[in-house]
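Several structures are given next for inspection.
Look for subunit A in each of the two complexes below; its partner is subunit B in the first and subunit C in the second.
Showing the complex of A and B:
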């Protein structure tokens, strides 16, 4: 502490130690919180087509189209250790060739301060619902479920599965008309 | 340059102790208040800003050698005429080498 530089160094080091301590307290105050809430998902229009996926090969694969309704109030999930939520909607189903297929159809980032009370009507999916064969036509049990990542200021990056999912069937006939 | 060398930069020993104690108290206090306030408004950034304000305040109050840290200078004994001894020691060392 005998020179200006040394005093500056000592104060800065102490301030940063305090900051680390405060950050840890922030982490510890939120680590045991429960981030699971309810969500209501419903499909509106479900169509399956059989078209070639030129990005992979010229073979024809099943391509599903669907629109969905979703209601969820995610406002309670935000606290001082949540910077943003990354929501994603997953379709999960079984085909003869694969026991488990998971396709992410839609996602959304909700920043802190944005409206987190979601009420979507007749939303289109963001990504193509390709199957790697012909597993979608007439498939009787496709389950849509919502999950989210919590991006914190400090600490863990939890992956949460929402309570509530929706199962639907694909039609037994391909749709050939343009939509 | 003469002007620069006349700027005082040192504290006395008690002043150093007081400066360190004061800076620790200020930063800890601002950190604690910032934590409570940040928790109330649920904004961790507020906590960080308040701690930063505490750091700036502590830096202003304790880094420059203000007169309050220089009240008890050491009472050095007046310099004695020891110049000859030093010269002799210096010359002995020189011979050994």
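Showing the complex of A and C:
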């Protein structure tokens, strides 16, 4: 004898286990894929200013401004287990006070189905390039690199560096004029 | 199976059988606890699985999605990672992405976070006067993602009566049901 509750229970249990199994297959089918591609980054205009960062204190900190070109075709990165790419452009550099500084200058969310062939010319940064002190003026080695965080339907959340980065130097003088 | 037959089962049990049922109930509770504590040891995080409670990381994470965390001390925090952190004066941990990071030679690191769906960084969410997060604020780094599963706990937290009903049903079932 099977009551309604027993039947419902077994249907639910079966449906859930099928769903769990499919989810695992979806995860396992993409877990070993390589998500690295090439990107071309170039800076167009680079200046540095020395202004107070009122969000921290009244002390003057170095504030970099730059515009950049970027070309990348990220279409091959998408598959059935990539819901979204989170792109971020990082500036990485060393200063006398800090061994490692990483500042995200720009980011972008690309959902599956959206255009993933990027070609930006003379883009402005999305976030301010504040240094933690005065380490930008005359800094000879700032590396810009693009990375992406893959958001799957279910699975791991890897952060991947693109092949191809760009290094530049900041001018040795502060810019005082308005831009 | 109606309630009368349920309790018939209990009546027909002798003392030893009833004790056996209580013990197996205890086994279930303690093995769940062991799994949780074991995960804490393996992942190094004080809360290895968290449920996303807000929409501040949309469209990557929605309310009710499940995140698996690790928190190995030897793995450095880097920009672009999704960290789960606690702020003094807030009970609920926050899941956001690292936007800026400064690391000194002696290894001390300070960083700023931002939610993908928020337009400003998290300084307004931190404790008054707190400008940066440090490693000690971090509960874990998001490594794995499973959608929707956490919806059950959100339901339970929002409707406590539902939680007690579910717990009571499960407890009764385990105690009363004969193998």
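Definition applied: the second predicted complex is superposed on the first by the 178 of 179 C-alpha atoms of A that agree within 3 Å, B and C clash if a C-alpha of one lies under 4 Å from a C-alpha of the other, contacts with A are read in each partner's own complex, and residues count from 1 in each chain.
We adopt the following convention: a residue touches a chain if its C-beta (ideal position, glycine included) is under 8 Å from a C-beta of that chain, and two chains touch if they have at least 3 such contacts.
These numbers come from a predicted model, not from an experiment.
For subunit A, the partner that touches more of its residues is C, with subunit B and subunit C as the two candidates. Of the two partner chains, neither subunit B nor subunit C is touched by A:37. When the two complexes are overlaid on their common chain A, residue A:101 makes contact with subunit C while staying clear of subunit B. In the superposition on chain A, A:151 makes contact with subunit C only, while subunit B stays out of contact range. Residue contacts after overlaying the shared chain place A:50 against neither subunit B nor subunit C. In the superposition on chain A, contact of A:88 is made with subunit C only, not with subunit B. Once the two complexes are overlaid on the shared chain, A:10 sits against subunit B while remaining clear of subunit C. In the superposition on chain A, A:80 makes contact with subunit B only, while subunit C stays out of contact range. By the document's definition of touching, of the two partners only subunit B reaches A:25; subunit C does not.
Shared contact residues of subunit A, touching subunit B in one structure and subunit C in the other: 3, 23, 153. Considering their complex, residues 3, 5, 23, 55-56, 83-84, 86, 88, 90, 97-104, 107, 109, 111, 127, 130, 132, 147, 149, 151-157, 159 of subunit A touch subunit C. Subunit C contributes residues 1, 59-61, 78-82, 97, 99-105, 110, 116, 123, 131, 142-147 to its touches with subunit A in the complex. Residue ranges on subunit A touching subunit B, taken from their complex, read 1-4, 7-8, 10-12, 14-15, 18-19, 21-23, 25-26, 29, 78-81, 153.
On subunit B, the positions that touch subunit A within their shared complex are 9-11, 16-17, 19-20, 23-24, 27-28, 31, 34-35, 38-39, 41-44, 47-48, 51-52, 54-55, 58-59, 62-65.
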